[in-house]
Structure formats: C-alpha cells, structure tokens
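Notes for the one structure printed next.
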Amino acid sequence: MLPLELYNGIESAWCPGCGNFPMLKAFKQALAELEVRPEELLLVSGIGQSGKFPHYLKCHTFNGLHGRTLPVATGARLANPALKVVAVAGDGDCYGEGGNHLLATLRRNPDLTLVVHNNQVYGLTKGQASPTSDQGFKTVLQPAGVPYPPLHALALAVAQDGSWVGRGFAGDGEHLTGLYKQALTHQGFSLLEVLQPCVSFNKVNTYEWYRQRVYRVEAEPGYDPENELWAYQKAKEWGERIPIGVIYRKTRPTLEEAHPALRAGPLASQITTRPINQLLADFF
Amino acid sequence: MLPLELYNGIESAWCPGCGNFPMLKAFKQALAELEVRPEELLLVSGIGQSGKFPHYLKCHTFNGLHGRTLPVATGARLANPALKVVAVAGDGDCYGEGGNHLLATLRRNPDLTLVVHNNQVYGLTKGQASPTSDQGFKTVLQPAGVPYPPLHALALAVAQDGSWVGRGFAGDGEHLTGLYKQALTHQGFSLLEVLQPCVSFNKVNTYEWYRQRVYRVEAEPGYDPENELWAYQKAKEWGERIPIGVIYRKTRPTLEEAHPALRAGPLASQITTRPINQLLADFF
Amino acid sequence: MAIDLNILIGGAAGQGVHAITLPLAKALVRQGAQVLFVQDYQSRIRGGHLFNQIRVADRPLMASREGVDLLVALNQETVTLHQAELSPEGVIIYDAARVKELPAGRPAVALTHEALLPGTQAGEIAVNAGACGAVLGLFKASLAPLLTLLTETFADKGAQVVEWNLKAATRGYELAKTQGFRVSLAYLTPPSKPRLLISGHEALALGALAAGLNFISGYPMTPWTSVLNTIGQRAVRWGVVVEQAEDEIAAINMAIGASYAGARAMTGTSGGGFCLMTEALGLAAMTETPLVIVEAMRPGPSTGLPTRTEQGDLSFVLYAGQGDSPRAVLAPGTPAQGFALAVKAFHLAERYQIPVFLLTDQYFGDTQFTHTASEFPEVQAQPAPASGPASDPYERYAFTESGISPRRLPGFGPQVVVADSDEHTPDGHLTEDLTVRVKMHDKRLRKLETLVQELNGITTVGAADAPLTLACWGSSLGPVAEAVDRLNESGTPARLVHLSELWPFPRAVATAALSGTKKLVLVEMNATGQLNRLLRQETGLAADHLVLKYDGTPFTPEYILKELKGHI
Amino acid sequence: MAIDLNILIGGAAGQGVHAITLPLAKALVRQGAQVLFVQDYQSRIRGGHLFNQIRVADRPLMASREGVDLLVALNQETVTLHQAELSPEGVIIYDAARVKELPAGRPAVALTHEALLPGTQAGEIAVNAGACGAVLGLFKASLAPLLTLLTETFADKGAQVVEWNLKAATRGYELAKTQGFRVSLAYLTPPSKPRLLISGHEALALGALAAGLNFISGYPMTPWTSVLNTIGQRAVRWGVVVEQAEDEIAAINMAIGASYAGARAMTGTSGGGFCLMTEALGLAAMTETPLVIVEAMRPGPSTGLPTRTEQGDLSFVLYAGQGDSPRAVLAPGTPAQGFALAVKAFHLAERYQIPVFLLTDQYFGDTQFTHTASEFPEVQAQPAPASGPASDPYERYAFTESGISPRRLPGFGPQVVVADSDEHTPDGHLTEDLTVRVKMHDKRLRKLETLVQELNGITTVGAADAPLTLACWGSSLGPVAEAVDRLNESGTPARLVHLSELWPFPRAVATAALSGTKKLVLVEMNATGQLNRLLRQETGLAADHLVLKYDGTPFTPEYILKELKGHI
C-alpha cells in the first residue's frame, strides 16, 4: 500500500460536512491500496462541486466543461491506454447536460471508470433540481416541486449492457473503498454512482435519509450481478430500500481493442510525418 | 373517416423503394381513420430523410434541427395543448445527436408521439453508421465494421417508464396503421420505433431481412405490455426474432398537467401585458 | 453636505452575509437614502470569503466606488483583506467572537451574542441582525424601517426568529448609537415618491412579465439563473409556463417550439451555455420565430470566473451561428433600461420575427439600484402575434417589401403553418431553387434595415462639444457616468456616450454622438475592446485610447480616472 | 490555339453521374490535359437532378466557367435545364432511351444500350462507360488511359463488369470519333511530371496525415464528411484512431482529451455542427490544448442549403465562444494550399497550444483540381509535443514572455499535468485570485502577438500598382484570379489579392498588399461582406465595392466580370 499523503491536493472549497469529503477519503484509500501512483492516474471532471474533486487530489487532472467528462476521458484513453482514467461527474453533469455521452459511452465500453457524485441536486449553482431529484423535491425554480420522476440511471446502464454498474454511499466509507477498487480494476467501462449528501441544498436526502434506506446488495442471498433481470430490478429499486454494491456486471470487449493503432502504444510515441509520395499514390 | 387526399403534401425526394413511403401511407391512413384534420396536427421533425416526412403531408410543420425534434415538440405542446403533436425523427437524429432529449422526454411525459424512422443508418449523409447499426455493419468511415453493439432504445424507454413504447415495420402497413393510431391516441408520451428499410445505404437490414425476423408481440400467448419485466425482455430482443407491436404501457401523469397556466388554454390566447404596480410590489 | 458612504459587509460564505444586507439596504432606502448594493462572491457555497457593499448617498447612484467608510466584519478575513481600504475616519463593526485582530487606533463597535441575545439559541441571527441595527445606530438613522423589514423578511420562519431579529437589531442599534461618526443620516425623510431597490436582472424579468411573457425555458447557469428564478417565483401567480431544461440546447429549442405555437417566449443563459444555443439561434432566424434570449456574461474563456463579471461576449453574440442571419442586440446599463429594453426586445422579436438578445452581465444582474416606480412605465398592449392580412393559400414566408411576412399560428385557423430550417419557398417547404434562395435570404436580412430605424439607445452626459468623450456600453454606464461627472467637476470637460442598442448597429445616431470629439476613449470590461472593433468596422471611427478591465470586478470611477491619467 | 472546353454531365441522382466523371477526368489528366472537375448536387440521394462539370484546358485551371461545349445527358432533364448554356458549336451526347427531345439543329451523338453492349444485362454501365468513351472520341483524344482507369476502378466489381465497361467505352469512342468537333485533343502528350486530380478536402486530409495526425473524431455533416472519409479510409494503414462521435460536442471534447494526452488530433464539422463545438473551442483555448478544427462552410443560416457552397462563417469562427480567447484561422484557396495550411495548422496549434481553424467550403472541398506532385512537398519532422525545459515543480501554465508555457504529457514523466477550464494558477488549479486572472488572460492572448509574425498567406496576381484590386479569401481564389487575368488581358489593369491566413489578422502584410490601389473591390461568397468587415475593423481600409454571391453556387469569372460592370 502507498502512503495516503502521496495524493494530497490543494485545499478544498466544499462546505463542511459535504458528502464529497468521505468520497475523497475513500478514493485515496482505494488508490493507495491498489498502488496507483499519481502520475499513472488521470482524473477528468466537469463543472459542479464534483468537478473540483481532482484538484483536491494529486494526479493528472483535466477539469473540463459541465457535462463533457466522458468524451474527454474517452479521448484521453484512446490516446494513451497506459493511463488509468477516471471520469468524475455530478448528477446534473452526467445525467443532465451530458446524458447523451453516457448513452454513447455505455455502447463504446472504453476501459475507464465513471464516478457520479449523486447528491440529487445542482450544488454549485445553488440548489436547482437535478435529473435524480425525487419527484416533489422543492426548489426556488420549482416551488411546487419537481413534477416528474427521477432518471433511473442504473437501470439505464443495465439496459445498455454497461459492463460494470455499481452504487456506493458516502456514509459507508469502507464499503465505498471496496467499490472504488473494483471499479478501477474492472476491464471496461465501470459506472459507480455514489449517494453523496449535499448538506447545503438538499435537506431531504440527507445522510440520515440514505442511512435508513441503503442496504448492501451482496448481502441479498444468492444475488448474482451477472443475472440481467435481477440486476434490472435492483437497479430500479429506489424508495424504502436502496441497494448499494455491485449491481451488474457483463464481460464485453473494450473500445480500445477496436482501434488497431493502439496496439503500438500511446499515440504520443507514434507521431511521425508521413511520406508524401505514398500518400499521393491514389490520386494520379 | 376523412378522405386521404386531404393530407397530400409536396412531391417527395426519397429514393424509389424507400421504407419511408409505406410509413407515409400508413400514417395518412391512421390520420384519416382517426379523423385528425391537417389543421389540428403539428409535425415536428429534425434533419435526415425522416426530417422531410412532414413536407410530404399536409399539416402544420416545424422542420427544425438535426437531433432537436423533442424539445421543439415539447415546447409546442406546452404552448398549445390543443394541438396534436407528432415528433418525427431518424435513428441518428433521435438516438445519436438528440439522445439527451429522449432521456429527458421520457421523464417529462408530454402528451405527444415520437416516431423514430429506424433504418439503422445515416441516410441523408450517405451511409455512416447510426446508433442502431448492427455491430459489424461496414461503412466508408468504419471499413472494419461498427465495433460496438447498437443502442437498445426500446429497453431504454422501458427502463425509464416510458408511458407507451412500441415498434412497427414499414413492410407491414396495416399493423403499422394500427400502431400509429394507438400511439396518437395514447395519453402521454408514446415512442413508436419503425423499422424502415433504406434501400440505398443499408444493404444488410433489408425488407427481406426484417420480414424474416419480425413477429407480432401481441400474438405471444398472454403477452401483457403492462408487465415491466416481460416488456424489458421483449424490448431487448433483437436478432433471430424481433418483436413488433405494443411493447410496454404505463399510466403516468402528463407534463401538461404539471403546468397550471395551461388550464386556461393555449398560451397564445393568454398574452397580456401585466400591471406594473403589482409587479413592483415586492421591491420597495 | 453631500453624503457618500461605503459600507462593506464581509464574512464567510454561508454565514448569512447576503441575508442581512438586503433588509439593511432597504431600510436605508425607505427612509430616503439613495443606495447601491453590490454583491461579490466566489464560486463556492460555504467558507469562501464574500462581501457585499452598500453605498449610501443623497443623490442617485449608478456605480460603486472605492474606499470603505464602515466595515462590518463577520469574520477575521474581512478585516484582514479590507482594512487597507478603510477611509481615514472609517469605523469597524465586528463579531467579537470571530474577529480577534483589529487595526490599531480605529473606532470599532464589538458585537457579541451574549450582549445582543443573552441566553438564547439564536445562533448567527444575533450578530447578523445586531450588525444591521448597529449600522443604522452609527448613522443616527431611523431604526423603524429595519424592524418592519425584518418582520416581513422572517415572517415565514416563525415568531421566535422574528423576535430574535428585532431584539438583536434594536440592541445593536443602541450599542452603536453612542459611538461618534462623522456624518449623520438623522435628517433623512421618507421619499415622497416611494423608492425601490432592484437589481438589473430583476428589472429585466419584470419587464418581460410586463410585456406578456408566458413561456420561459432554461438551464441554470450563473449569472443568468437570477432571471430564471425571478420569473419562476412569480410563475404561478402570472400564468407563466416555466420549464427547467435538460441542457441549453433543449432550453432554446423548447422556447422556439413554444414561440412557433404562439407563446411569448424567452430563454437565456451565460456564455458557455450560449455556445450550445447558437445552432438554434440560427433556427429562430431561419424559421422567423420570435425569441428573446438573455445572455448574461461572466469572465471567459471557458468556465473562467463563474461568479464574476465581464463584457466579453459582444463579438460572439453579434456573429454567432453559421451564415448571415438577422438578430438584434440590446445591452441595458441600469435596471430601468433593463426593464425598458426587455419590453422593447419582445416588441422587436415579435414585429420582426427574429431572435433578440438582452446582453447583460453579473454586475448588471446582481447589483441593486435605487429607482422610483415612475421609472418603470406601464407597458402598452401590443397587437396579437398573428394579426394583419395573409394570403390564401397561406404563405408563411411571403415576399414583402419590408421582409416581414404575415405570421399565423398553428391551430388558430384553417391554414397550415409550415416552418423550415432548410432554405424554403414562401409556403415554407424546402427548396433547392437558387433564385428563391437569394430572394429569401435578402428578405430575411432586409428586416434589419427597417429595424435599425427603431434603434437609438444613446445616453449622454456632459457637453456635446467636450473635447474628451468616454464611450461605453451595457453595464459600464454607471461607473463611466460618474467618472465623467467627476472629470467635469474637476474642470476637465468630458462627455459620456453610452450605447445600449448595439445591433443592427445604429450607425447614424452613433456617428452623430461620437464624431467631433477631440479624443475618443472606449471603456470596456474586456481585454480586446469589442465595442471599439464594432465601431471601427461600422463607422470607421476608432478609439484614441482604450480603458479596459478584465479582472472580473466591475469598473469604479476611480479606476477609470486612474487609467485615463497621461491620456487626457 | 488555347483550348478551353466545358463538359457538363448530368443525370438523376443515383444514376452514376459521379461514378463515370472521375475516370473520364483522370483519363484526360493522364494524357496531358489540365482539368477542373466540379460536382453539383442536391440534398437527396436519388432522383434529383445533378450534374458534374469537367473543364479541360491546356493551361492550369483554378475555376469553372460558364457555358457548355459538350453536354452529356443521361436524362431528359439535363437537356431541358442546360441546353441554353450550350455554346454555338456545342455538341450533345445523350442516352437515347431517356432523352426524347433535343434542341433542333444541334450536333448530337445518340447512345443506346443496344448499340454499346448488345444482348447484355449491363444496365447503366453501357451508357455511362459509353459516354466516357464518346467524349474522348469526339475530342480525338486517346482512349487508352480511360481503359486503364476503368480497369482499375472496377477491378473489385469482377471481370464481367470490367469487360462491359471496356467494351462500352470503346464502342462509344468509335461512335463519336467520326463526329466532327471544333477542337482536337489529339496533340496531347502525357505530362513529363505526372499530374494528379485532387479535391481540396482530399489534399487537406493528406496534409494532416503528412503532418502526423493520429487521432480524429467527428460526426458526419456535409461538406465536412469528405475530410473524415478520406482519413477514415486510410486509418488502418497509417495508424490513425478514427472515432465516429455521438454528436459534435463529443467529437471536439474527445479530440481535446486525446490531444491533452498526447495525440496529434483533429476534428471538424460544418457550421451547424460547429455551433455545438464553440463551448469546447473555448476549452481548448483555456486549457491551452493544441487542436486543429476543420470548419467546412455551406449556405446558412441553419440547415440552409446542405449540399451547396458559401463563405458565410468567417465572422462566426473569428469570435465564437465567450470571452476573448486565442485562435488562428486559415482558409486555403487551392488543394495545394489546403495541404500546406493543414501542415501549418498542426504546427501552429502545437507550438502555440491553441485551436487552429481550417476554414473551407463545399466548393473547395469537393472540386478536383489538377496539380503536380511537386506542389505537395515533403513535411519537415517537427519537435515532439512535450519538449524543452520545464520547471520543477512543474507548472503547466508557467508565465513566460512569449505566453507559451512548456507542455508536458500525462503519463510521460514524474510530474502531474493539471489542466483547468476555470481561470487557474500557473500549476493549473482553479483560482479566484484576480491578479493571477489578469496575468493568465494576458499570457494566453499574448501568444497571438508572436503567432501573427508567422502569418502571411497573401497571393497576388497582376501589377502591384494596378488601379483596381480585387481582394478575396479562401476558395474564391480561382475564379477571382481568372477574372483578374481576363481583365488584364482585355486591357483593364487589375490585381488580385487573396488572403488565406486570416486570424490573428496579418495587419502589416495585408495593409501593404491592399493599400495604394485606386479602387478596392471585395469578392466574397456571402451576403454581408465578412472579410470587408474584418478589413475595416483591423486596418481602416474598406472596399469601394462588394461583389457578393450567395445562391449556393461558386463564383465564375464571368459572374465577377458582370458584377464589376459599371464599377470599374
């Protein structure tokens, strides 16, 4: 195991008590246990409270646009498959602005991990509803409450044969560390959604609210994350009981395997000018 | 029933033999049988071969941008719920460029019908792969074939509790007419995907290819489109057998009900200047 | 004696700085002061340093100025960061539990929970309300308006909270009253015409509501969100459909769909979100669908400084979208202009069937200005969208001399209304007839030739023949106007020319206003002088000197005067 | 005698017009003719009328001209639509099964399946190949190159198809050879340096490959798709990662991710798709990530005329994105320029760590020009992306005099590379320090001051002191150059100034090239004169007259000369 101090980043600007803190801690723990060094790791994030996550950690960082973590992360993987790539996104970021990329990435199956910091609210912009806000959740903009049900994100992932689909809870750090480790070592696209209480803008889905509901799906007798129908049902379970753990797993070829150029290593090492006579040959 | 000539539009520019022709015919038939008059009907389309569909029909038409049919259609419904609104999209249009709107519209459940002309290819731009192209489908751009599996669009819709999910086949006009009629009369969002052979650019998924595979799901003994798990399985079925018919149905409140302003009728009839003294009252 | 006081209230994010500033500012307005209230905050929710400034005077204020006369410190950082700005006679009011080090020899008023609300669990209420009271006490102003405002503000938090607030405010007032201060506001009397405190975005939103807006779709983005919120909070009362979109692309396309179907529709965003709207901007222009778009600027490029201010998107909104496509761009300088231009935007959008921009920024959006109600005139009812004669069979894009074709709404008559993003025939269907293309393109662009005659939007201050002209646009009006006032007062004859209606560029009026000066200085909150580019391109006139600022904070008169040194 | 022949080959979409034109054009090139090959098509796959034009001459050609000398009609519509363009001695070659009405008194060659390939099931092959042969026969040119080309082209369709093609071509050749025609190409000899026929987009794509491109992501959109396809078809051979994106937003963000991680990356689109890329354009500028973007224009606004041409997006690409952000814009006028500027784009993007545009259009992209191989020079190897000294600890955005900071790649050393779309410190972390903001903003923009010294891109024709100057940019080079030639030939001294490197605007060289003329005419394929706006804004120079065209088809020399009448 590597020392945790290796991963120290700049000082955080999150609110005290924010669910992002235990996530950061669990993530560092997972890295240290897996012995992933900062210079082997690229974190790609968008804009939102989660978007700041990579800054609070020492690692390669690309903090891009709201909603666009997945294409940047995919591009980086396709340029250098030697990098361990983690895309960090908010629920608004990934299921709202960036929903189309999630659909496409599930199809592509690049070998990277997506962590969705799901606080069921737009934190950074001060409390509007997100796609995962529960129906009836009241905001300044929707004083009568969100009129429609939340996105069923994990069911979406199962339905698209996402190759690894899991859920963690920021209030269960040890379990979360384990999930981070599994997601990071999974070959293919892993989607880890983490229930992350926002103490400033989500006064409904609090630590306590989650604690009363979450249960470890692996404790369910016989639960088999490779059983698609069972996984589908677990993925849709939301209310009195909320499963955490590995929901679904399916072995699939990765995107990287489909690009023969990557067999010769990182693209940066392959840059070369090309002979003009050969390029022009077809045109005479 | 109204006379079919009522719906005559401008001359079509589709290729002879294109699957869009039987769709147009079945659609007109459904309109005539339902007695929906041209001036009661708004067709919203994007860019693609399907985007031209509304021009070949007499009706209100908004032919907008590639991928953006659903938000335009939703906006129109929210301005005038007296209009019957049908969004017409291509598979690239709706599952590629516009995927994020599909996710959001499934959540919102506006009372409109989306028809996806699924030819498993980008027709108008001359034959690139679409999100529904089968794995291995060869194109100029992907000479080794599409490296990943297609989007499971209907499973996506089921997983998001789409309130009406169905599939038709352009080669089965009578059945298709029935589906159009059901989708058009369903209260809430209906997603009707139609298998539409592209005779110019999809030489794999031809009329014949589909004909050998499609079967009517309603013929399955005891099939119940309100049984979510069953529907999920049918929605994912693609290969030797492909189900057509009503796959899934779920009663849900519509988006329009959530907007109290709409109770007073179309917004166009409600436009009025507002008294300044009342508007300013809060600011003293 | 002219009164001009700057109060700076600072603390950690989440400590309630914003919550206490508004009632205090309003209390000053209600008793007759002129107030300008500026918010400064970082892109974080809690813990970061933030501060608000209330400038108080006895004449109308349109800008904040430098220097602090009264520092209200809810944490140590406020003192540390701002003590240097204190004017010679400046006073500090501070939370004694949090502030441990004060500059030596400064008059100061210490506030503690114990002294204000002994034996209660009132938490931050004590010092927050106490500080408000103390400010008024120090000024020898009247306490009563504050008590009324606190009661109004906290009514829905319950009687206990109201009581604590009133008690703490009163105690704070008494504590500070005995402290000497160089000016007294005791002479103030409530204004004969009631005044209000309103921000640029609030005024713009009210203008939209007054003009009949009944559809708005948007995605949250600072600083635009305040427009959306202001309307959202009033939506049920006024019958507005408000839809939070999944992204900005959906927001604008929904608004276009709604407008096509007859709603009076608006959308908005900030620069990054506007990027995603540019494609549909062209759609609105091509389908000739009326649309009002708020573009609330913040410093770029990219995410930049999300909670700060800049005027960096002018060039972008002028040319956004492929091809030559018509639009209008309005950039208000005050809340009253924000209101008036919002009304005008709907008028222009509907009459010319084009997209119209309201180009604002964080400073304009969040800063609250003192206005009288009479500056917000009643809006004239406008003709219904689909009026006037139309041909039969109906041609949505009939060729006309003005370029404006008779508009009809789907579902309101026997005609079908066909709109198309492709080039189209007069009846709306796609065409590849290249002659029709040229005629249709000309028709669309021709609308601007009439429209430009409805534009003016020039505000001037100072003598027409002043040898020095400071030109600016949008939210810089206030600081530049004050700089010009100060120049004139100090014997340098100067003139302000402010442009609020920027596109189609009103060449004739702008040239008339700007020509003939000896020295032309452009004052802009960006790094490249975007109005200057526009001016040269459209008129051949160009600035002799540029005063630019792009650190994310608004102009002050002092900054402008300093930057002018050596150039005038 | 100067030879200048225009061949127009028309038919229904799907009938194989494109398929037969290329071998014919190449056959002419191989035997020594100079050829320009233009495609004109509608936005439909089958049935619509489309036509190609081959212009043949004995001097280099850079534009198509009006008038038709040889009309090859595969359907009646071709005759009906184009017979008026036939020159006095023009000849028609036609498919006798489809064309029933011919203009009276015109020499014509009838082709039939029966005459060409009796008793076969060759379908359209007969008349298509027959027509190619007939054209050569009529010209008394050599048939052999065509036979070789047909063999090459149809090799993978099997021996039967090749045989039919050869037979039909030979038969057609013989049929037409006996027909009189005013000029003969019998004298042609194969060129000493082999010539090639290449389109603008093909040449650009080859330039990218030559410069080391190894990542491209894109979403299909006419006319950009041909760049993507040209590279896609060569991807496996040259080790390029090609990824078809789900939308343009993903396309550009993927390319940025790839470039950040060390790939030599490119993306592209047309105007509508570029709208969706503008946000990430700013991201590339802010994170200082090298990126080459092809923006292939077509007539707007909105969907407009998807398969036609225009130069309407210049203003848009100059200012796209919020805030002031650096970029470079290059607009090639010929395939050779397309190749050279693609190479230069990668060089500039990488050296200055900015986005660089290749601004093209449908006419440039699809038109095939005759070049010699020597016009495509070998590309000099460039230094690896992350070279030169860097500080320790590493600062991705270290302040430097040039504004260029040492770049490092993630995964290639012990340092971590931190990139941020927010305003950031030298080490890449987000900051709200407003002093750092100003320094960082200055640093980014300062890069253009050095870059502009690497720009020139001025092509001139005609005497430097000519009283009349025609200025243009991008793909209009050819037609304007020919118009200038004709003016000079006809005794009106004129000069061409073509700009291909447009931003940062090369003020010094452009002013030098454009000043001192009596009359300045800007020739642009848009409705508002976008280069003229830029010129006035940047130099104060402005056109005395504008020659504009925006019907979707490219300039011809004739059109330009006609529009100049009364103005020179």
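A, B, C and D are the chain letters, set down in written order, and residue numbers restart from 1 in every chain.
To be clear about the criterion, a residue touches a chain if its C-beta (ideal position, glycine included) is under 8 Å from a C-beta of that chain, and two chains touch if they have at least 3 such contacts.
This is a predicted model, so every value here is computed, not measured.
For chain A, the chain with the farthest CA centroid is D.
The greater number of contacting C-beta pairs, out of the two interfaces B-D and B-C, is seen for B-C. One inter-chain figure worth recording: chain B and chain D are separated by 37 Å, centre to centre, where each centre is the mean of the chain's CA atoms.
Between chain A and chain B the centroid-to-centroid distance comes to 31 Å (mean Cα coordinates, whole Å). Look at where the CA atoms of chain A average out and do the same for chain D: the two points lie 41 Å apart. For chain B, the set of residues that touch two or more other chains comprises 47, 65, 97, 99-100, 103-104, 131, 144. Contacts with at least two other chains are made by residues 42-43, 48, 236, 246-247, 249, 272, 279, 283, 287, 302-303, 306, 420-422 of chain C.
Within the complex, the chain D residues that touch chain C are 42-43, 48, 249, 270-272, 274-276, 278-279, 281-283, 285-287, 297-306, 308, 310, 312-313, 315-316, 318-325, 420-423, 432, 434-435, 437-438, 441-442, 444-445, 526-528, 530, 533-534, 536-537, 540, 542, 550-553.
Those residues of chain B lying in contact with chain C across their complex are 10, 38-40, 42, 44, 47, 52, 54-55, 58-65, 68, 70-80, 82-83, 100-101, 103-104, 259-262, 264, 266-277, 279-280, 283-284. Considering their complex, residues 26, 30, 194-198, 202, 206, 209-212, 214-215, 217, 234-236, 238-241, 243, 245-247, 249-251, 253-265, 279-280, 283, 287, 373, 376-382, 384-386, 409-422, 428-430 of chain D touch chain A.
Chain D meets chain B in the complex at residues 14, 42-48, 219-222, 225, 228-229, 232-233, 236, 242, 244, 246-247, 272, 302-303, 306.
Interface residues of chain B, counted against chain A in their complex, comprise 95, 97-100, 103-104, 107-109, 131, 144, 147-152, 155-156, 158-161, 229, 232-233, 235-236, 253, 255, 258.
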